[in-house]
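Labels for the chains are A, B, C, D, E and F, by order of writing; each one numbers its residues from 1.
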Amino acid sequence: MVLAVGAHPDDIELGCGATLALFKKRGHDIHLLVLTKGEASGNPDDREKECLLSAKTIGTENLYFGKMEDTKITDGIEAISQIESYIKKISPDIIFGHSPKDGHQDHRNAAMATLSAARNSKKVLLYESPAALRDFCPQLFVDVTSTFDLKLKALEAFGSQVSKIYFKGNHSVGAHSPAVGSARIPYVSNASEGLARFRGFQAGVELAEGFEVGKFLLEIESK
Amino acid sequence: MVLAVGAHPDDIELGCGATLALFKKRGHDIHLLVLTKGEASGNPDDREKECLLSAKTIGTENLYFGKMEDTKITDGIEAISQIESYIKKISPDIIFGHSPKDGHQDHRNAAMATLSAARNSKKVLLYESPAALRDFCPQLFVDVTSTFDLKLKALEAFGSQVSKIYFKGNHSVGAHSPAVGSARIPYVSNASEGLARFRGFQAGVELAEGFEVGKFLLEIESK
Amino acid sequence: MVLAVGAHPDDIELGCGATLALFKKRGHDIHLLVLTKGEASGNPDDREKECLLSAKTIGTENLYFGKMEDTKITDGIEAISQIESYIKKISPDIIFGHSPKDGHQDHRNAAMATLSAARNSKKVLLYESPAALRDFCPQLFVDVTSTFDLKLKALEAFGSQVSKIYFKGNHSVGAHSPAVGSARIPYVSNASEGLARFRGFQAGVELAEGFEVGKFLLEIESK
Amino acid sequence: MVLAVGAHPDDIELGCGATLALFKKRGHDIHLLVLTKGEASGNPDDREKECLLSAKTIGTENLYFGKMEDTKITDGIEAISQIESYIKKISPDIIFGHSPKDGHQDHRNAAMATLSAARNSKKVLLYESPAALRDFCPQLFVDVTSTFDLKLKALEAFGSQVSKIYFKGNHSVGAHSPAVGSARIPYVSNASEGLARFRGFQAGVELAEGFEVGKFLLEIESK
Amino acid sequence: MVLAVGAHPDDIELGCGATLALFKKRGHDIHLLVLTKGEASGNPDDREKECLLSAKTIGTENLYFGKMEDTKITDGIEAISQIESYIKKISPDIIFGHSPKDGHQDHRNAAMATLSAARNSKKVLLYESPAALRDFCPQLFVDVTSTFDLKLKALEAFGSQVSKIYFKGNHSVGAHSPAVGSARIPYVSNASEGLARFRGFQAGVELAEGFEVGKFLLEIESK
Amino acid sequence: MVLAVGAHPDDIELGCGATLALFKKRGHDIHLLVLTKGEASGNPDDREKECLLSAKTIGTENLYFGKMEDTKITDGIEAISQIESYIKKISPDIIFGHSPKDGHQDHRNAAMATLSAARNSKKVLLYESPAALRDFCPQLFVDVTSTFDLKLKALEAFGSQVSKIYFKGNHSVGAHSPAVGSARIPYVSNASEGLARFRGFQAGVELAEGFEVGKFLLEIESK
């Protein structure tokens, strides 16, 4: 049972979409808790629909929305108790959340609230958003070579956010043909893919997502 | 397949002895590489024997000694290539080594050499020695409640080191009866046990060993 | 004159109770400022009574409550000015407060507010709460071997909090007889004691409390 | 006048090759000091030739070799004084060197030696090698969109190092067609390019190299 | 085009007044955005007048006030959008703001808000306020030997703040004649000057202001 | 009993000369261990004489020289055992040493060796040399207003080092009359004084020396 917590629609997918898709592929249930509907950057109904479409692409319909206000998430008891209630309900084996090392105030506060809410959980991993500060320092990696396509496809769902730099990437669309992409996803960020390659290099695999370790209680399997 | 690397006899046991015992208990092969014979603090032959006795207690006879000189381990090519040769031979799934955040020069250098030698390995965890600096910051924990007794028993083997503070602990022997110990191990450090309790508290279990994450490529098991 | 500031009843005792008891024992006046009545985890009147009982155990009746709301302490001017008013009234030689490296939002904010309020004070030490983050890094220690019993006894006062993990510790009550404890305090945390042993080991004494140094103006006594 | 210092042939190109090419393009003289001939990973004569070919590609023949031994560079007076002598000779306006946050002992030591030798220089920037530790944290960026091709071409010169992971990249050659590359450079690392895209994203440009700031005395130009 | 953002009147001058004066001297336009009128430490009308006088001394009348409340600046959307609107209007080439490593809550929050608002800017430098935490770590310096007098003169404008320690400095007025000052500015801080000398020493010049680098996209001028 | 350890003649005085003078003034014995004779920057006999003259100015003749080679101090067993032998002989209550956050390789290594040698000591404070890295972060301060003159006078003894930047300071001699100095010490660094003012400001006194805390076991005096 996997729970991922994000501040806005698309944060989870950008941070750990390929990892979640891999969990799904391996038979795990995944649950997504999005603290706001992202109403500061678009129509909340549209964003909710996009988010559900994206969730389905990754492989789940377990999508929940918190009741925080976009741009005004705090690290206080409101956010904490909302997250706690989902942890209680879902009993996740592993929780994914924002890293506090992030330039967006909602992300930082969501990170702190997630860490507080998950204080008794066994595994908490913190993902790298496009707004992550440059001292984000991943120690744990997941090889997402087999599911990175799904991440890109999931990101396609967020049509309303296309103008954002992490979607159009850091080049004029089409200037370079994306290495992984296809005609189907012309606007997908080459920043996301660049990062996946670089984290992959650090991990010794082709494409990876990197995580800071909030807490990780390692279980030792019998052999 | 597990490989643990330490600077001197007793470093591995103090840092991750209970974790290794748990790996053994779960059916994994464990290998110990000790870079020196600890000749600066005792007769090297005696220390070698003690070390083998300790290894057996943990559950292995796969004990190897490097050819470094006690107190003079460097982080250079000599140490690196010795460690590399064992990595090549053993192909460990996981490697345990010193943390660079350590007050002992041999530990620091062994840590850097281990990290260099293991640069292409998938999982490298850094253990907490009694000389660890106070900014050692564990992110990953192993619940060693079921094997902590074996760690203490293994430490008993190091009779020649009894006068060291981390063996006699931070109190006069016998002043307080150790919580876990017994008549059998009157001199075992209550510092080790105190640390295991504290790390256990942080991990949400009774007794734990804590590790910094050098690198951890998380595999996602099929369910 | 000593002032300790905590977010909730029991924070001060858990963080620096034995150190305060030692100050008292050596003839210093100690004052406790608790910013909230901890109403989120129990009846505030009960918690106030427990807190006073605990304070008396440590050796003082100088117990004050701030007017902050439990779970909603901020690092802003309200908290700062409440703390400032007590600093003005008491003129403490040394101030103890939370560390900002803490997983609880109230603790973090109390820490920042205390540091702001104490900006002109000569000595500010930051204590280690059970929720301290793992990068809490103590540099200054107090040997509390002679008063640790009083700390445990003071913690007994907080009967309403018994179910919290840092009270019952990280094992079933009674599974191990605590090394320091007695029949009188069966439920006291072995985590607190484990930490005190470990910090004691780092400090070279039997049992210690560790502190981060906010500021310390060292006076050099005439000899 | 620009001076770049590297431990081995190819370090400078991997770390700041595109930035140097840009300096050249803008009319600055560039000088390369390579502390060893990289004899531990190939024939030193071959590596010297490759290095000169690479330097020419970037746009300079000012290539110097230090007299350090591969794998045995220290941070001591030998390395420092060799670097100092070139600083004295060249009087560079800006110096590029390794970062101390690097997993390779030669890189770490070269970094410290460069920082010591350059202690009176006005601008020292530390580049990101493929072995950089994950806490490398760039603050300063150079937009290398216009010269990244030259970097890749320069890297082609190092034919003897093709088997190294940062050359072949983290995928089987040809599995994905590189975004920037061409038939001409089939083996060039897609890790380098992934990193350049990601750093570019952080800098707000297409492709960037990122640097830690050793020291930077900002001159304010008249307008 | 230069934009400096500060929490209160006098923050900008204390942090980067001499650098701004140098920009002006070299022909650049400078703009000052002060988020509050500092009403918690004086009459806001008086403080506004002082601030304008100070701005003129540095060489600009482009002084704007935000609509935040003194002591209650947040890092949220209100502060961010106020700063964004000025960035949009002014299109600065370089932005100066507070560092998050600051003991004053308004400064910390202003810093985070400035970094968020400036996320797409090319150059963001963070200045050192008198309340900066001791882990403030400047990497970039400006030689302000030629304009430090102007900084001191600008600080003279803040007559209402004379009682603050960073104005009267850390000694009784007149106990030592300030090295740089004159009869004209008897009360100006010798702390500011001490810091300028020390940062100057680190930078290799006589007097300097030091900055942490938020982001710096280095342009390479043609030669 | 106070022991200060430095790498070269003048390091101790620059780092903690005024603090040592204050200890002496308050009746404490002070001992100076200088690991090398500084033969890389002058005639060792001359430097030894200067060092003794300086020691006398501070108030002691207890000056010892280690047997390390200038520019080649290591952090290994040779340096450690030399320092240990003096700790054994002198039994200092407090030890002053270099900080590892220093740009000079001898200083870094001396720091690590001092920390290792002093691992069982109760108080170890790390001083700020002119070569300290910019992330040196003092937490503990000593008010040296009353003895700073002695520090400057002691530094006068090092006539052979006058050309070094930290002696002549960061301005042409005489350009500004030093605030504290006099005709007697025209060449004394205004950097040292600038730093003392700045650290004094941070400590809330006129002139201070700042220290990182290696370890500090706080004793609580009876009142």
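Keep this in mind: a residue touches a chain if its C-beta (ideal position, glycine included) is under 8 Å from a C-beta of that chain, and two chains touch if they have at least 3 such contacts.
This one's a predicted model, so the numbers in the text were calculated from it and none came from an experiment.
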List every chain that touches both chain D and chain E.
A, F
Centroid distance [mean C-alpha coordinates] between chain F and chain C, Å
36
What is the distance in Å between the mean C-alpha positions of chain B and chain C?
33
Separation of mean Cα positions, chain E and chain B [Å, integer]
51
Pull out every residue in chain E that's touching 2 or more other chains.
120, 139, 165, 204-205
How is the touch graph of the chains shaped: line, ring, star, complete or other?
other
Each pair of chains that touches is included here, namely A-B, A-C, A-D, A-E, B-C, B-D, B-F, C-E, C-F, D-E, D-F, E-F
Could you pull out which chain E residues touch chain A in their complex?
75-77, 80, 112-113, 115-116, 119-120
Can you check the complex and tell me which residues of chain E touch chain D?
19, 22-23, 26-28, 120, 122, 139-143, 203-205, 213-218, 220-223
Residue ranges of chain A touching chain D (in the complex, touch as defined):
130, 134-135, 137-139, 165-166, 169-171, 175-180, 189-191, 193-198, 200-202, 204-207, 210
Contact footprint of chain C on chain E as seen in their complex
40, 71-72, 103-105, 131, 165
